[in-house]
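Multiple structures follow.
After this come two complexes, each holding chain A, first together with chain B and then together with chain C.
The block that comes next holds the complex of A and B.
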């Protein structure tokens, strides 16, 4: 669909000048050559973008002996095929996978919900000075996390979550993960607010005004009108945030000390450090850790693209 | 639904409509600023809780970080806020490893941003030529953006393997075996190897931003250029690319800020000591604070990083604000 309305599409034959057969044929040939060059460039780019994944995938199926003998992007040679690295990688990363899921799912949902509320309060409810508050949210998107890292660890030392949660043993056992959830929610709010705001500022003001005149409360308008319309932007935000939180290493690195709380990026980094020469295991581990985000990306690529585009 | 997503898509990446030269006109769908105070009170429950979280974790923490950088806190104890001075910053100026890290950070910032923008623009133009399977190509080009830096660093450490890595194998295959290098252990190439890999990961993002910009340019302009007999290259250089300024600016801001905070990729590749050739401020900050517990010194480096980021985003946000595009 997009291909047909794309501007600058070269003549596909129909709009050539039919009265001049010769030049039409020439033009078609010239166009053909240019088209071939175009597709050749596009395919070369596919090779460029996929080669690290392809060679990683092939290597993950090779035995230790095979991957040092063969070209990395070639399939495993006869006798050099193995699935052992996948089982071992999964085994080493399984705790991390569970912890990452326990972290990423609640943190994603909470940050999206809070972003939606903030964007509504700062966009569709009109009051003086909201731009100033909004500016602080937008600037928050661009903060280098290094600038908050030392206070962040200090904060979580002072706020002793395990003892605060001691009344709820199951939660206290996962205090490290809960710290990470709160942290990711807090630093995720700026971007989720920006994404929701871009969407909410396109909502029909007259419709909301009409509801207001009918006596609907601010909360009721959100609950009955704005929230039901937010489906598409929730999809974009949830997918973007899930990918960000699942993929993060830095916060986990400084906040997680208990090995039982290791998230998958931490576990994968440890695996890389301890299995220096076992590239097949490293590659299988990378794929196992990336699988959830890859799956989300393949299923919801369009929404992911909108999320990253909305970042700017 | 489709239309609103489009608007978000275009608006989010600053399409060319936004770059109208009429400066001060504030173009928003919002009502006048003279609203009832009742609205303000009613809006509070929605934005105050998130604003408190952001205020505490972002702005509170930034202030706290500056405060810590003025102490001489190190080791296991607690910061002493009683005696504050600039000694950590004085130490920065004479620290050779800080100067090296600062220089590398700037090299990374400039080279990575330029490379990603150029490649992203080229890919976007190719994609925009009315090709088939457009979605498929786009999906492949953006795919690296969905991966964790831990994952991509593992892939690239294998790509750059001197004996059997894809890069060197490829160079040998095309007869350029003499160019094969120890890409990530030779100090001459380390930083460039990182920049190339990050470009691989981020150029897809630039493509998305540029593609939204290209799609916002009215078709008539392509037609007009064609009628004028302009060649394709000339048309892009003279007509199309100048209109992508807004896309370039917003993508460049995101890339530059990323370059300042890039950490995960280098950390997985080199640990906390990439060596003077590839050390950057964000890694140095982590090393000083979390490996050697020089908390105050690490905070001072973090403050420098924050100031650099502010230098990038403040003018950008100011212009956005003036145009009423926030």
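The block that comes next holds the complex of A and C.
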């Protein structure tokens, strides 16, 4: 296969026997045909997978009129191009975007931090019965969100957060968001703990013992040794949790009642008109809503790869 | 400075319901400033012993005393002990300076300047001043080793613990670091417990060595004493390279008769004859040492087996050279009692003497050089006499 790795210049890349001209030419022709078939198949697959995205993007730039006149994936026809849907979508989603950021950033950071602490305690600190506790965390990963909806709403009815927070008016005003943060942190901890644990179990035990002998307490070891070494796995967890929380609709639907607390997934849902379907607006809205998760991937992408690959 | 005492220390691990005794009733008195080497094959409990001293492992029974104080229940950080690990265990995200500062920052309330001064001083002593701002990942194995040492030394502890600190280095560097470590320890005068599986390290470095096997302490002695007066067969076989030759013998009156060939080949036709070919007469004095044991193990060090021209005594045996291993200064000659025999024993002779495989040779095993061990318990019944050696060795 090494000889076929350079399709543009097969003669120079080939280490075939130069005296055997006939079979070499045959081979070249055979591999050439196979290459072409392979690339054709790949291009077809790329087109297949990207076509919804492309159609969405094209639709977002078309006027309503142009949308009805053309196929979805065709570019906007002359005179049918508009950026109006983007402005409208951004305008109508802006409260949701802010609320989502207020929700997703603290919830992501908190669930990653708490998961990291829990994993450290369950992996690198030795105490009796930790396996049983760990099993509870693992079980938590497998609880389906739908199964907890009723108890969850009951819980937040019993715990009256707005009146608990009445001493801090700015917080009380955002009680719905805070409920969501607590809920997402609680349901995120099991998975973040499991992710961190996988990473922490690869830490050198002797290094942590050396720190103990150096006089550092359990928490100081976490602060000065474990936490600084956790960069890559923090990237993985932050991206994962941010995407999960940003994209969540179910908990928000159940817990958010105040329109001022509307998160972006709920706001996106309102772009679906009741009478007229404004496809361009819906598509533009979808892209606006998805942008922050893309941004997080770009920001932490390098460390994410490091964390997924394991050893840094 | 203080000494360290292990008093009947026992460690039992709970391994899936079954108890595993890793360290069994070990008692060692380590004097102030002494360099003690814990040596033994892997799994003998030497690392567990060290970890108990460090406080990384709990003590099941017995006491560990630092000076007069029992430290069994003290957490590691309160024991004033520094440890050098086999993997070096450096903090990879900190610079060398950070690594060395860490212990002082965590365990003392020294000022920043004081810490800096101590770190610089220690780094100079170890010749790693120019590495202070690098991270461990950028250092070679030998440099990391030095940093690990520096991290221990800078804390100025009562006791150094070293867990096979040289085993990740290549042979040449290991020999260099061995000498350097010894010099350092002598200069600092800190009580040191050093764990290794390498008997050369044990012999060359230890003021005394403690040999462990299967969790049990076999012997604590100076290297030369352990070498020449091993307490039992295990110690005799563990120390020395090539290791001591052993022959399983039956006691028949004042003669020891080789039983090995017979037991090795129970149904072979020619075995009885072979078995009788190694007959070793012993003097009345030796016979007395044997007492009423009916079977003994005869041990003789390779360097004590001489190759002579003519057989003119009861302790000269006709043999055939099986293999010759030249090591330069010496030749290790593997001898068999007959050319058919599978079992060989080793004689170390001068490297200048030419001996070839297949050639007959006469091996002299002088009675003064033999060790006898009880075949059942392995306890030494008689050790070699030191009178025939030059008087450069200490009286043991």
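For this structure, a couple of remarks:
Methods note: the second predicted complex is superposed on the first by the 261 of 312 C-alpha atoms of A that agree within 3 Å, B and C clash if a C-alpha of one lies under 4 Å from a C-alpha of the other, contacts with A are read in each partner's own complex, and residues count from 1 in each chain.
Please note the rule applied: contacts are C-beta pairs under 8 Å (C-beta built on N, C-alpha and C of every residue); 3 or more make two chains touch, one makes a residue touch a chain.
Quick caveat, the model's predicted, so the values are computed rather than measured.
Using the contact criterion defined above for the overlaid structures, shared-chain residue A:199 touches chain B, although it does not reach chain C. Contacts of A:224 after superposition: chain C is touched, whereas chain B is not reached. In the superposition on chain A, contact of A:114 is made with chain B only, not with chain C. Looking at the superposed arrangement, the partner reaching more residues of chain A, out of chain B and chain C, is B. Shared-chain residue A:207: touches chain C; no touch with chain B.
In the superposed pair of complexes, A:216 makes contact with chain C only, with no contact to chain B. In the superposition on chain A, A:159 makes contact with neither chain B nor chain C. By the touch criterion defined above, A:36 reaches neither chain B nor chain C.
Of the two partner chains, neither chain B nor chain C is touched by A:299.
On chain A, the surface touched by chain B in one complex and the surface touched by chain C in the other have residues 217 in common. Touching chain A in their complex are the following residues of chain C: 54-56, 75-77, 81-83, 85-87, 89-93, 102-103, 106-108, 151, 155. Of all residues in chain A, those touching chain B in their complex are 2-3, 6-10, 38-39, 41-42, 45-46, 48-53, 55-56, 59, 67-68, 70-73, 114-115, 117-118, 120-123, 125-128, 130-131, 133-140, 142-155, 183, 185-187, 189-190, 193, 195, 198-199, 201-202, 205, 217-219, 222, 231-233, 236, 243, 246-250, 253-254, 265, 268-269, 272-273, 279, 282-283, 285-287, 289-290, 293-294, 296-298, 301, 304-306, 308-312. Note for the complex: chain A touches chain C at residues 204, 206-207, 209-217, 220, 224-225, 228-229. Within the complex, the chain B residues that touch chain A are 1, 4-5, 7-9, 11-14, 28-31, 33-35, 37, 39-40, 42-51, 53-62, 64-65, 68, 79, 123, 126-132, 134-135, 137-159, 161, 163-166, 169, 200, 204-205, 208-209, 212, 214-215, 217-219, 222, 250-251, 253-254, 257, 260-261, 263-264, 267-268, 271, 281-282, 285-286, 289-290, 295, 298-299, 301-303, 305-306, 309, 312-313, 317, 320-321, 326.
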